[in-house]
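Two complexes come next, and they have one chain in common, chain A, joined by chain B in the first and chain C in the second.
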Partner chain A sequence: MSPLLEIQNLRISFGPLQVVDGVSLSLKEGEFFALVGESGSGKTLTALSVTRLLPPAATLESGKVFFQKTDLLTLSEEKLRSFRGGKVSYVFQEPSTSLNPVLTIGDQIVEAILLHGKTDKQSAHKEAVAMLEKVGIPSASTILEAYPHQLSGGMKQRAMIAMALVSHPMLLLLDEPTTALDVTIQAQILELLLQMKREMSLTIFFITHDLGLVSAVADRVAVMQKGKIVEEGNRDDVFSHPKHPYTEMLLQCMEFRTLS
Partner chain B sequence: MHGIQDALLEVENLRKEYPIERGLLRSEKGKVQALSGVSFQIREGEVVGLVGESGCGKTTLAKLILKLLLPTGGEVRYHGKNIFSLEGSDLKAVRRDIQMVFQDPFGSLDPRMKIKEIVGEPLLVHGIGTSRERYRNVITLLESVGLQELHGGRYPHEFSGGERQRIGIARSLALSPKLLVLDEPVSSLDLSIQAQILRLLLSLKKEKNLTYLFISHDLRVVSKVSDRVLVMYLGKIVESGPTEKIFSKPEHPYTHALLASQPQYIRERGFQGIPRGEIPSPANPPSGCRYRTRCPHAEKKCAEEEPLLLERTPHHFVACHFEL
Partner chain C sequence: MKRLLRNKLAFFGFLLVLLLALVALFAPFLSPRDPSAIDLSNRLIGPSWKHPLGTDQLGRDLLSRMIYGSRISLSVGFVAVGISVLIGIALGSIAGYFGGRIDTFIMRFVDIMLCFPTFFLILSVIALLEPNIFTIMAVIGVTSWMGVARLIRAEILSLKEQEFILAARAIGAGSFRIIVRHLIPNAMTPVLVSATLGIAAAILVESSLSFLGIGVQPPTPSWGNILTEGKSVLGIAWWLTLFPGLAILITVLAYNLLGEGLRDLLDPRLRDQP
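Coming up: the complex of A and B.
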């Protein structure tokens, strides 16, 4: 089966600094793929390049990003728009800074629906309620009227996920979606993601620094260090038989084995 | 759990409320109960871990122990003396003995001060030594946390997160304290750096005979460094005991839920043990047992009667109506 997303030899630099150095990855349809690395490893830039959202200071030197058969990096802005937030959705780390503080949750979700769908405002509103309920937000119609600051971190992240899912994407990119959350809420969000993946046949591209999280949910794992993929494999292989010393080191740190 | 002879720090029935003020006249519209009657002791040489989710009162507790806040009620006794009734030189002496390491290594260092000024400031404030002695002291402190003399002339922005946390630790050690309150000291660091800092903290403890109150939301970290663990929920301690016991045979449903939310546990047993819903607002906590709104075992009694924190087996305290 051909991959849903294929990144080939991606190179990104910040001035003289090579931050992504020849990354190649491929995601099969329906899998939960995790890209793991410490801060500065280049994992976020790799993910941002998929939707061509690199910060202005970053230069894309070379590489191709195929979504099915389309190279997203050479697509016109106009055509790219049907992918970005359409077939490919993105959820960022910090739910409080990625939601617009002066618009209600409802306004923001309805906006996303109207941008990508051909519905009117009324049915978009209904869709928004349905999606909020789907992601486990109680009394969804009240939450629609709420502003982001009125919600807890967990609820905001659920709302972000709802917003990402209203376009019925095929690929959902998540960059550290649970890092800012408490551990019990983190577990709830992971459970939600697996449930959404099943119900909506999503492919998930999950970026994190936390190998522990990945051990709970991912099908396949790639480990990134200093702009390069140093190890890639099925979850159980990577966790039980890491081949690269850096992976081994991360696993040791994860359990703080070196302390006792 | 009163009157342990060798207790370095005793916290007794400590309460802290914050008023909720609204409108032009700032009239009081209610109270946030950040801490609702917390009692525990720390013995000399112990590492006591404090775990709980955001909003449970961990940081309020830390600030009270340092007398950075005043309580609504209750006492914090250091060597038997209530720190809230101390003044002048007595208070200053206690302040030397209890020091804090903060979570955010970026926010807690003044960007316009050189490292040697940051680390030496506590000595200056307490008027210890001549300027030359202080400088020598600063170098020793920097070396004890794995930095060097040459780092003293630099500014905070020249350092990584892990190095800054080392600087914060050096500063906290400047006055040769007895007790360190560490508020999420590794939470903002990469995993590999977390392990380095924890190793440093453990070796400093041994070397300098320190006692730690180690506050963290991360159970993995707490399980590795603590002798004893306190589990807090919505301003109360719900379970406390030896680390071994808390992690292998927890008895409070909330401790169960915290453990079940750990990724390693999820990998082995799936999602069934994770708690439903979210932590309620401390401005309006549930009646009776505060955990009952998320507890799978909750019954009528839990809403009516607040469970007491009782010693079930030696040194193991649980606040729950049921034996699970």
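Coming up: the complex of A and C.
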């Protein structure tokens, strides 16, 4: 089966600094793929480059990103916009800064729906309520009227996930979606992701620095260090027979944490 | 709103602004006489029960003329600031969002506009155009947007790096939508303050222009042109100069108090300080 997302030899630099150095990845449809690495290893930029959301300071030197055989990096901005939040959705690290503080949750979810679906405001509103309920937000219609600062971190992240899912994407990229949350909420969010993945047949691209977090849920894991993929494989292989010393180190950190 | 009440001066300014707005709105009901009714037998009468603020050289009731004059001052203030805020927001947000050459071009244009002494620029433009209330509004508006443009640009420069802008792009929003829906509403706070202070400035400019005889033309009453008419008879009819002068002073003061109060209120760094 041909991959849903294929990244080939991606190279990104910040001025003289090579931050992503020849990364190649491929994601099969329906899998939970985790990209693990410490901060600054280039994992976020790799994910952002999928729909060309790189910050202006970063230069995309070379590489190809195929989404179902469409090369996203050469697509016109106009066509690319239909992928962003359409077939490809993102959830970012910090739920409190990823939501616009002056718009209500409802405004923002409805906006995401209207940008891609051909529906009117009223049915978009209904869809938003349905999606919020689906991601486990109680009394969804009240939350719709709330502003981001009135919600807890976990709630905001659920709302972000709802916003990412309203367009029924095929690929969901999550950039450290649980890092800013409590451990108990982290588990809930992961649980929710797995449930959504089943219900909506999503492919998940999960970025984290926490190997422990994905040890239970990922199908495949890639480890990234200093802009390069140093190890990639099925979860069980990587966890039981790490080939690269850096992976071993990360695993040791994890064990250390569970011991203490 | 609670904090606005706590700041006594700002609240006082707010009350005055509200009062002035009501006076202007209900001018026909509040003014005791027709502001342009000439009564030559009652020329230059000092303040009395019949004419609380006296009459002018043509026997017109000063109180009524000032009540109608407040309409001119306030509408010039609001419309001129409205124009300047619109221009400022449009240019400032484009400059801040796109950056690069567009930014350089717009901001150098702002610098050039700031080089002109505004009042003389207004004077020369008015000299070419027919002086009426609409040209005055427009001219004040198009010569005072630079501050707003700078404010908006500065706000947007920092706002556009925020994660929620990345998130908006990630759901497929285009540049126009991001600017109008996500950036500008977040950048409005300093503009609100500057607009309030700008209204005071615009009222002052209109009064000055009318005083110089190139603003609102008589017989339409404006505080500025009442002052001019009073100037020639200052020795015998002090009320014709004092009252419109006071009205301008109080109005400008009210807007400045409100504006400064709003600034303190909306600036988180100054919040909750004694």
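Assume the second predicted complex is superposed on the first by the 256 of 260 C-alpha atoms of A that agree within 3 Å, B and C clash if a C-alpha of one lies under 4 Å from a C-alpha of the other, contacts with A are read in each partner's own complex, and residues count from 1 in each chain.
Keep in mind that, in the parts below, contacts are C-beta pairs under 8 Å (C-beta built on N, C-alpha and C of every residue); 3 or more make two chains touch, one makes a residue touch a chain.
Here the structure is a predicted model, which means the values were calculated and not measured.
Of the two partner chains, chain B is the only one that A:Ala187 touches; chain C does not reach it. In the overlay built on the shared chain, the residue A:Leu213 is in contact with chain B alone; chain C does not reach it. Using the contact criterion defined above for the overlaid structures, shared-chain residue A:Met249 touches chain B, although it does not reach chain C. Judged by the touch definition given at the top, the superposed model places A:Leu17 against neither chain B nor chain C. When the shared chain is aligned, chain B comes close enough to touch A:Gly154, but chain C does not. In the overlay built on the shared chain, the residue A:Phe92 is in contact with chain C alone; chain B does not reach it.
Chain A residues in contact with chain B (one complex) as well as with chain C (other complex) do not exist.
By the touch rule above, chain C contacts chain A in their complex via residues 99, 162-164, 166-174, 181-182, 185-186.
Against chain B, the residues of chain A that register as touching in their complex are 38-39, 152-155, 182-188, 190-191, 209-217, 249-250, 252-256, 258-260.
Looking at the complex, you find that chain A touches chain C at residues 51, 53, 56, 81-86, 89-90, 92-94, 97-103, 111-112, 115-116, 160, 163-164, 167.
On the side of chain B, the complex with chain A involves touching residues 53-54, 190-192, 194-195, 198-199, 202, 217-221, 224-225, 257-258, 260-264, 266-267, 271, 274-276, 278-279.
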